[in-house]
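Once you've had a glance at the structure underneath, I'll fire off some questions.
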Amino acid sequence: MGKAMNRAQILVEALPYIREFSGKTVVIKYGGKAMVDKNLKRRIAEDIVLMRYVGIKPVIIHGGGKAITSMMKKLNKEPKFIKGNRVTDKGTMEIVEMVLVGKINKEIVSLLNQFGGKAIGLEGKDGQLITARKCKDKSLGLVGEIEQINSALIDLLEREGFISVIAPIGVSSKGESLNINADTAAAEIAAALKAEKLIFLTDVEGILKDPSDEKSLIPGLAIKQTENMLEKGEIQKGMIAKVKACQIALRKGVNKVHIISGKRSHSLLLEIFTDKGIGTQVIK
Amino acid sequence: MGKAMNRAQILVEALPYIREFSGKTVVIKYGGKAMVDKNLKRRIAEDIVLMRYVGIKPVIIHGGGKAITSMMKKLNKEPKFIKGNRVTDKGTMEIVEMVLVGKINKEIVSLLNQFGGKAIGLEGKDGQLITARKCKDKSLGLVGEIEQINSALIDLLEREGFISVIAPIGVSSKGESLNINADTAAAEIAAALKAEKLIFLTDVEGILKDPSDEKSLIPGLAIKQTENMLEKGEIQKGMIAKVKACQIALRKGVNKVHIISGKRSHSLLLEIFTDKGIGTQVIK
Amino acid sequence: MGKAMNRAQILVEALPYIREFSGKTVVIKYGGKAMVDKNLKRRIAEDIVLMRYVGIKPVIIHGGGKAITSMMKKLNKEPKFIKGNRVTDKGTMEIVEMVLVGKINKEIVSLLNQFGGKAIGLEGKDGQLITARKCKDKSLGLVGEIEQINSALIDLLEREGFISVIAPIGVSSKGESLNINADTAAAEIAAALKAEKLIFLTDVEGILKDPSDEKSLIPGLAIKQTENMLEKGEIQKGMIAKVKACQIALRKGVNKVHIISGKRSHSLLLEIFTDKGIGTQVIK
Amino acid sequence: MGKAMNRAQILVEALPYIREFSGKTVVIKYGGKAMVDKNLKRRIAEDIVLMRYVGIKPVIIHGGGKAITSMMKKLNKEPKFIKGNRVTDKGTMEIVEMVLVGKINKEIVSLLNQFGGKAIGLEGKDGQLITARKCKDKSLGLVGEIEQINSALIDLLEREGFISVIAPIGVSSKGESLNINADTAAAEIAAALKAEKLIFLTDVEGILKDPSDEKSLIPGLAIKQTENMLEKGEIQKGMIAKVKACQIALRKGVNKVHIISGKRSHSLLLEIFTDKGIGTQVIK
Amino acid sequence: MGKAMNRAQILVEALPYIREFSGKTVVIKYGGKAMVDKNLKRRIAEDIVLMRYVGIKPVIIHGGGKAITSMMKKLNKEPKFIKGNRVTDKGTMEIVEMVLVGKINKEIVSLLNQFGGKAIGLEGKDGQLITARKCKDKSLGLVGEIEQINSALIDLLEREGFISVIAPIGVSSKGESLNINADTAAAEIAAALKAEKLIFLTDVEGILKDPSDEKSLIPGLAIKQTENMLEKGEIQKGMIAKVKACQIALRKGVNKVHIISGKRSHSLLLEIFTDKGIGTQVIK
Amino acid sequence: MGKAMNRAQILVEALPYIREFSGKTVVIKYGGKAMVDKNLKRRIAEDIVLMRYVGIKPVIIHGGGKAITSMMKKLNKEPKFIKGNRVTDKGTMEIVEMVLVGKINKEIVSLLNQFGGKAIGLEGKDGQLITARKCKDKSLGLVGEIEQINSALIDLLEREGFISVIAPIGVSSKGESLNINADTAAAEIAAALKAEKLIFLTDVEGILKDPSDEKSLIPGLAIKQTENMLEKGEIQKGMIAKVKACQIALRKGVNKVHIISGKRSHSLLLEIFTDKGIGTQVIK
């Protein structure tokens, strides 16, 4: 009984956090190892469904780069990248959409439903959720920049208790599919939903002073500081897109952005249900 | 961080229970030591507010015998009882109502609000919540039997997120106050609300085989068995009214009734968020 | 039949007044002899329920000083006052709350229900209806100043056809009960509800030029005039608090305030359903 | 002030009746002298608007025989009747509709609005309110029998606070206008609305034992008794259609039907707001 | 089958127009030959009902000058006009109202219902739809100028799927009927409803350069140009009122006004469902 | 203008059909050549969007066999069939889901949106839309039989104006994807939605007496007749599954089922907007 009492104690310690976030929207960019490891996938799904049951409104945006590359190889297409952006010809775009929408998105939906959630999978074409135009760099092909998020559809589904799971595919004014950066999509969706928080699940602990040293985690940054770090080149590789997405979200009204490791079990709960949180918090 | 992880783990272990009771009404008869001990009072309030935040709809019915007796003594009125029922003349009834409604009820309301709940205190006169007639034994005076519960008012308040805290005072067709047994009131209210559960917080562990031995707890009973036990005199004193209330609630459609100890910290959470539960469970 | 015809005639003469106040909120401060005399109590209740049935939305705030003093004496506590304000130590506050909430409030609720109303009794703790802080004069103890009125709760109950009956108890941020001046509470509630009218039921005919001469009634005053009268000391004793409350209500947007005698039968109807009205009307 | 007090007293004496009929539908067949006399018209309008303001839902069906006959004469058309039914050729039907809808109906609407009501005029074509077929007696021409009442339209208008004023014109499946007996229309509409009461305003005191003696009024009758009286020929002329309409209404679920004199001032209020009522009450 | 295919092809060609006007209000001033010719009447009704079924919200305002004059003659009253306005004494006003409301309005309502519409006929008195005051030129008698349109009633009926058919009768503050110019009424109603379009059905093709030459149709005009034409006297007779009504509607926020011929079959559909439209379009 | 008039004429000829189907659900099984031919795809999309704009509620279920087989070949997997059912191992199921959900479904959604529709793509996992269990023939692998359709989700989307486009993937109680026959899925969804009509778009004219002779089309059949034909082997190959699906739909309450050719332009409009319709109609 001592153990049970201990558990009860821990539940009530979560009350202040539940109270604080009750009725608020939290957008989660889901990607990296947390989307591949079978055990981590289940932990994340549990966390998200628990969030929904305690009154928080989670919205998921996922990536899927590795699975796309793997499918391209099976179909004998060579993946190409320019500055981290996938060069997306028509054939590649078809593979991107099939893999993101027909495989990864629905796996996440199904897993959330297994834990008792009511999830629904969407991409940009559904109800014109994400309208986009081709990006300026024509050599990238069908890579898109977001024009508008149709937040009314997500609001409707939220009100009815659904968790929206969104693949980062935009639709052009001609109805074409466009490949959208998932970090940017998460930022724009968080902004359109006036989300309380945007959380990036990544493969590192957060923003590091020294990228080679996980212990050099910076727990908090203001938007201005991230600009300086970008200028000085202190942020590198995949983190650049994330930090830029942070800036977009914060400038457009999101309250707080968090870059955390998705490699820990229950990292979402650790972030939301503790005072200290985990990873790096970026604020305005 | 290990401790935090442990906490997250415990939160998600609560998910199946949260899912099961989400949107359901749980009626709690609140009384005994749990209503007197300052620390226990806070634990109970925390539990109830947590229940509300995770989507359960708690409704509280409280007693207050000791405080009434104490106030009567201060006012030089001698409390009298017939078979455990308080003989209630007009002066006594005034004291009963003042103490229950003007003191105990509002203390509970205030405590729940302190923990972030939205509580509202009611008695039978409010919106004609509990209509009653005088009981047959005229020597008891203004002691009442419930005629009807106006569940529409509680439903309205529930829909708007309020926790109803109810003092067991009935109102006669002439507008008089009548003293109602709190256990019976809890049973009738649970029945009127089609509650999923009715939980009695008591000063013992549950129904005991041997009332002198707390270790002789009977974990589960069917309604039929409680009848046999009553006939054979195996249930005694204050437990008799509770067991009879169990029978009323179960016969009128409540799913499960629990008699548990309110003397443990977080006994409500222990009952709801563990498979084994605590105390004695009575089912149909 | 002539008598019946006369009655019908009188009913239709009320039509212009019913039309004028249909759907509007009228806040009534209920106190003094009208709250003690058995016959007057019934007349007031009839008036209020009639108002509700003809589409007016009455909200009642009551006092209860005499009953409190009487109970204090029974409990051997000596009432003390500073400038008309009750010195309220912890023990006094408990008595105040028990008497106001557990006795007077519920009597009014029950009487309104007897005449066919749907009344519900509230105090400041219910749904955090009246939040308050301790007043500056620390020698008064637990006497409070209103911080905020949660008018959403009263609006909800009004929409569902309930008449709110409110005891002037505030709640501090720590959950303590605070003793609130009933006249001020009525003014603040009328302001928060954007009431059409605020009516004070008193033991005098209204504001008198010569307090010793009931025939010196002043039928109408502007807020500015009341200020002058207060300065010159032409308003005295219990009337001072009422006049200050008038000023608060009018400055915060209430349309008209009336100080009338509750000692006449059906004084509320006389005020509302005649052109001349009764008592003193104070306007901006 | 004594007079005002007397008036207040009378208002509260109406409370039990207001309570009883609050929210209920009362269908009024309006005709005879009460529709012609300028003073009576205003009294009736006052009564109806008062009823609406105190929460009763009045619905008006009017006749207009005299005005029709008068207009026919101006247009050199000779009115013809068979057993009290107007022979209605195409030209006559046009006049009937113009006079009922374009004159009488809108006069009533305007008068009700003058007293503060929100009235709207309708006939059978509006939203297919009254569908009808030609009656069997072909010699009557465009005289109709009601097939169906579209009560949804009246319900909608009632919910929005409108008083429906209905001219007894039916519409055939081909879109033709049909002349409907106003008494029957009132009965069918009362039945379709599940009205609490149907009141016929007539030029006599009610059903008389001796039609030549106004003092021989029969205050109450059961439906069975009216059948006997019809068989024995004790009911005559215009009263026959009314009594048959009573029977229809009562058989289809209306609670009470009243045949009263519209020649008294405020006859509607006298009927509704007194225990004795006036005229003849017919019940099941 | 070729014919059927051709028909299907034409249906889908209407899709862009249906999409454009879906959910928008189109006010139609109905008058002239289109209101007299039996075949044209049916075509107009078909068009209006079709518009409703494809999601457009039509509102009809009709005239009726010829039928009024004809009825006046039958009743031996000589029609008189001053500058095109009917001199309207009390007797004339009664005839105007009877003919417009009791005959023409209900014929239109019935015809729309025959084609499957849900039409309801209204005039200014219904729910105080059109309040007006007597016009300045006292020699015109009961001719009115619009004060206010109660668009809430039309909105309510639109939401419930009804087509409002409105006779241009205003009501004075004393409840009198006032004769309103139908073109002006249409303009004011279109403005009050924030209509997308106002369409005048007339007996000419539109605004003509040379009124004697139907081929001199001006397809488009800006409001400024119509002012110049009015000044120069290039617009004459009945067209003057229409052009002034155009100006009112456009200035008060209607998007486009069309003056078209009602003498063609399906002129409304030709205007709405073709790029070119027909008649003269006036814009801001 | 003659051409335009002709077009208007054709539009109003559609009115009776629009009226008949207004507000009703029509389920369309979309497959075969109509899903491949670029021009036909656009015609079908136009038809569906037009249906929505004129008040019909279309729901689309699509197949995709050829695209699946083609993708399997690209990935070097050999398609196998048993009695027309695809043998579906885990790898095949992944390809089925990717192609149906990530390619075909979203292409249809995008095309409908291009024509002005508000389409949303769904599969069985979304909101647990189609729950299923593995079929009895274990050699088929992950082929499923439908257990339940969650019609509440489609109803919600319909109410908000969305067109649901559904891929025939079921979800097992363990969250696995199951391959569902699209004809059966269409029948079960039509039944769950209480659809007015279910239309199968196929590559033949309908049910033929002589499968080799397109002119031997049978225009109408009762369910009983289809049973006889199945028994006698008069129905063959792909048509067998369609006819069985017809029987399911009709037995579960769908009003009419149509098997039509999707190879004609605007075949949906031809079926719905003509008296004769096209193809074979099967009724109960």
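Here the chain labels run A, B, C, D, E and F in written order, and each chain numbers its own residues starting at 1.
In the analysis below, contacts are C-beta pairs under 8 Å (C-beta built on N, C-alpha and C of every residue); 3 or more make two chains touch, one makes a residue touch a chain.
This one's a predicted model, so the numbers in the text were calculated from it and none came from an experiment.
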Quiz prompt | Intersection of contact partners for chain E and chain F | solution = none
Quiz item: Can you list every chain in contact with both chain C and chain F?
Solution: none
Quiz prompt | Repeat of the E-F interface, chosen from B-C, D-E or A-B (over half of contact pairs identical by residue number) | solution = A-B
Quiz prompt | Between chain E and chain A, distance of the C-alpha-averaged centres to the nearest whole Å | solution = 56
Quiz item: Using mean CA coordinates as chain centres, what's the chain A-chain F distance in Å?
Solution: 35
Quiz item: Just curious, how far off is chain E from chain B if you go by their C-alpha centres, in Å?
Solution: 68
Quiz item: What residues in chain C touch two or more of the other chains?
Solution: none
Quiz item: Taking touching chains as linked, do they make an open path (line), a single closed cycle (ring), a hub with spokes (star), an all-linked set (complete), or other?
Solution: ring
Self-check item: Successive chains along the ring, chain A then chain F then the rest
Solution: A, F, E, D, C, B
Quiz prompt | Of chain E, residues touching chain F in the complex | solution = 1, 4-16, 18-19, 22, 43, 46-47, 49-50, 53-55, 115-116, 264-266, 269-270, 273-274, 276, 278
Self-check item: Residues of chain C touching chain B in the complex
Solution: 74-75, 94, 97-103, 106, 109-111, 113-114, 118-123, 125-128, 153, 156, 160, 162, 169, 171, 174-177
